Structure formats: C-alpha cells, structure tokens
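Working notes, beginning with the structure itself.
Just so it is clear, A, B, C and D label the chains in written order, and each chain counts residues from 1 on its own.
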C-alpha cells in the first residue's frame, strides 16, 4: 500500500497509472523475495541435483525483479528505452522461472508458491507495459 | 503473504519464527521500494538542494534493505554473524533515514510516507533480532 | 583478472569466449561503481538542480549493470532470452548515461570519467552480444 | 583505476584516503562477481550436494559486497554508523565465504580462486576500517 501512496505524492508525472505501476513494483518486490527463498530452499533439499535449473532461474528472476523495481520506480526524468528493456528482462525471467518451478510444484511446495508468484509478477509487468504513458 | 507461505515450506529449520521473519522480509522489500521512490521524488523537487541528505540516506536505506532481505531470507546453512551484521546495518540505515525524512515531512508528503515505512521496517528488524533462534 | 580466471574453471560450457565475457562482467562492475559515485558527486555539487537528469540516469545505469553482471555471470543452465534482455537493458542504460554525462563533462570532471566508463561498458556489452554462443 | 580517479574529483571530503577507499570498492566489485560465479559453478558441479554451504555463503558474500560498494562509495552527507555496519557485514561475509571455499579448494579450482578473492576483499575492508576519517 505504501508504494502506491508514495507514488501519488511524487512531484513529477508518473510513467503510468499509479495503481498499475504500484502493483508491478509490489509484485517485483514479492517475487524477488520469493525467488530468493525458493533458490535457497532448493539448495537445502536432498534432491538438489534435480533442482539445478530451478536454482539458476530463481536467482536470475530475483536479480531481474530487483533491477525492474528500481528503474521503474523512478519517475524523475524517465528514460523510456531503459524502462521498456528492464520490463522485458523482468518478464522473460519471470516466465522462465515460472515454467521451471511448475515442473517441480508437485514435489516441492516452495516451487509451487514461487511459480504462482512469478506468474503474478509476469501479469503485473504485462499490465504495466500496456499502461506505460511514456511509450505512447 | 507469499513470503510467510514459502518460508513455511522450507526444508531446513528457520532462523526465527516464520511470521516474525516474514514480516521483516516484507518490510525490507517495502522499505527498499519506498526509499528508492523518495530519493527519486526528492531529486524531482524544486528545492532538491535542501534534500541532499535525504536523498543520500534514502539510497543507503534501499541498499541496506536489499542486502538484509536476501541474507536473512536464506535459511540453508545460515551463518549467524552475517545475519546479525546485516540486520544491524539495516536497522542503522532505517533509523538514519527515518530521522532525516521526518525533518521534511511537513513540506513533502513523500518524506512523511518514507519516514513511516522506515520506522515500520526498523520495528520489524528489532522484532527479528529478538527472535533469532540461531543467536540464542 | 580474477573474473576471467574463475570463468575458465567453470564446469559448464561458457555462454561466450572467456575473455570477452570477463571483460563485460568487469566493465559492468566498474560502471556500477563509477555511476554510483557520479550520482553521489552530483547531489554533492552546488548546482545539483542542473544535474537531476544525470543523477537519475547514473542510478539506472548502476542498477542495470548490477543485474547484467549477475545474470550474465551465471553459466549453469543459461537461459538465452534473459541473457539477451539484460544485455540490452545494460546497453540502453549505459548509452543514456554516457550521453547525459557528456553534456556535463566540461563542468564536472566526475561526469567526464563516468561518461568514459559508460562508453567502455557499452562497448564491452556490444562485444559480448556479438560473441554469445548460446544465441547462435 | 576509474574508481580512484572519480573519487578524486568528488566535491565533498572523502570518508577515507582515496587509494584505500578505491581499493576497497574495487575489491567489493571483484568479490561480488567472483562469488556470484563460484556459487553458479558449484551448482553446476556433479557433487553439488557437497557444496551447499559454499553456495549459500557465496550468495551472501555477493550481496554483502554489493551493499558495501554502494554505501561506502557515497561521500555526500556520509553517515558513519551505516558505513561501519556495512563494512562489518562485508568483512563477516568475506571471512565466512573464504573459510568455506578453502575447504573445497583442492577439489574445485573455482573455490580456490573465490577464496583468494574473498581474502583480498577482507584485507581491503580491514584497511578501510582503519582509515575511516569520519569515525576518528
């Protein structure tokens, strides 16, 4: 809630509708945390050698979400190419991670939760892409 | 919600009670976003030259929260000195940022929101410090 | 030097020639540091209000470089779309930051140094893009 | 080299001697990259299940180095408690990672390289701690 609230007090024009933008930033934060924990849970499993691709894609997803949250969170003197590129990077990483986590969802509950969070973040990124006023 | 949910599925013993730990990780994520946006809002204000200390402490706070979220989010083979140090770093950065943002809260609504979020994160970090099972 | 050295010991096939990849990762690290310091130097200048766009683009560039370094540094189970997207994000951010820093290079020596580092990072990213074996 | 060069152009007093500070920031960048790659190399090894603690401590070390580089890189309106805390966090993470990597150095060359880099970063952090003018 605090993310939308602070966006609404920003002195410059927002790059998109405050609610759509805040939802994307909130999901990037939640997805970074969830993927960090899923990677860590995977390395703590007895069958870690089956989860190597999942660890890697969770780590990538956390890093992509972190960069997207920061670059898209800034409204002052926004630079559309960087915004759009980081949004695409986040989308690609969320999709790859969700696809992989889903393969392990039946065996590892943390992968099911991580997959669901990656899908929510993917959808929030898609909604923001459609709403970016600076790209229209 | 997804952070507590995924922590509860982790194969290793958690470093603290899942609810206390999840609240800290969630606040670190919210505080990183809020401080990133407050720093950006400050540089977008006409009186940016009055807000230099606020920008600097918001940027530090965002970086400290990011590191705390990641290091404290990991439960596998936890290393107590790193955990405690990153928690202290996050606490010090949140306090400094809240103190500074409060000085500007009457003039800039984003500073008031950022100060409140830093205080919530500070309290969540203190609660986690008291609850760290690996340090007892 | 240690980055190329450790890449050469990696158990999996590298996504590109070790020297080209290491140069890109090294420049991402140097550019993240240089842009972090340039943003900070700008907010410490008496004419900070003339440097707002420079601060913003330096902060973006540091975040893009950080994500690129991490995602491109991983060789295990590499995912080409994430790699290519983060490389494009880094390229876009370096170009935008170099263009802006160059405008201030005559007045602020830190902007001249930052611009030169962003150009080196941009070139290293372009060389890596041409060398990515997983995209061929 | 560019890090020391840009520090020497900063408009504010540096928190320490430029060469000592630059060496620490450079090592933090090199250590973040090296530990990111060592964690990734470990998950790509056939004996990944023997390397779980190494992966975890390498990931922590990369995150601690990233935060230290950014918070210590800022000179404008420096806040000594945050600086000192992040330096201690980085020191603790580098030591723990070096200790663990050394255990695997005979079997995995990437662990030997990572251990050596962590020790260099640890020493650079200790030198900076001794040189911090703002704490004197």
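Here, contacts are C-beta pairs under 8 Å (C-beta built on N, C-alpha and C of every residue); 3 or more make two chains touch, one makes a residue touch a chain.
All of these numbers come straight from a predicted model, not from anything done at the bench.
Student: Can you list every chain that touches subunit A and also touches subunit B?
Tutor: Per touch definition, common to subunit A and subunit B: C, D.
Student: Between A-D and A-C, which chain pair is linked by the larger number of C-beta contacts?
Tutor: When the contacts at A-D and A-C are counted, A-C has more.
Student: Could you pull out the chain whose C-alpha mean position is farthest off from that of subunit A?
Tutor: Max centre-to-centre separation from subunit A belongs to D.
Student: Starting from the mean Cα coordinates of subunit A and subunit C, work out the distance between those two points in Å.
Tutor: Here the centre of subunit C sits 21 Å away from the centre of subunit A.
Student: State, to the nearest whole Å, the distance from the C-alpha centre of subunit A to the C-alpha centre of subunit D.
Tutor: The separation of the two C-alpha centroids amounts to 27 Å.
Student: Which residue numbers or ranges of subunit B touch two or more of the other chains?
Tutor: Residues 40, 43-44, 46, 52, 56, 59, 66, 70, 74, 76-77 of subunit B touch two or more partner chains.
Student: Sort out for me which residues of subunit A touch subunit B in the complex.
Tutor: For subunit A paired with subunit B, touching residues are 2-3, 5-7, 9-12, 25-26, 29-30, 32-34, 36-38, 40-41, 43-46, 62, 66, 69-70, 73-77, 108-110, 113-114, 116-117.
Student: Which residues of subunit A touch subunit D once you look at their complex with the stated criterion?
Tutor: Subunit A reaches subunit D through residues 39-40, 43-44, 46, 48-49, 52, 55-56, 59.
Student: For subunit A, which residues are in contact with subunit C within the complex?
Tutor: 52-53, 56-57, 59-60, 63-64, 66-67, 70-71, 74, 76-79, 81-82, 85-86, 88-89, 92-93, 96
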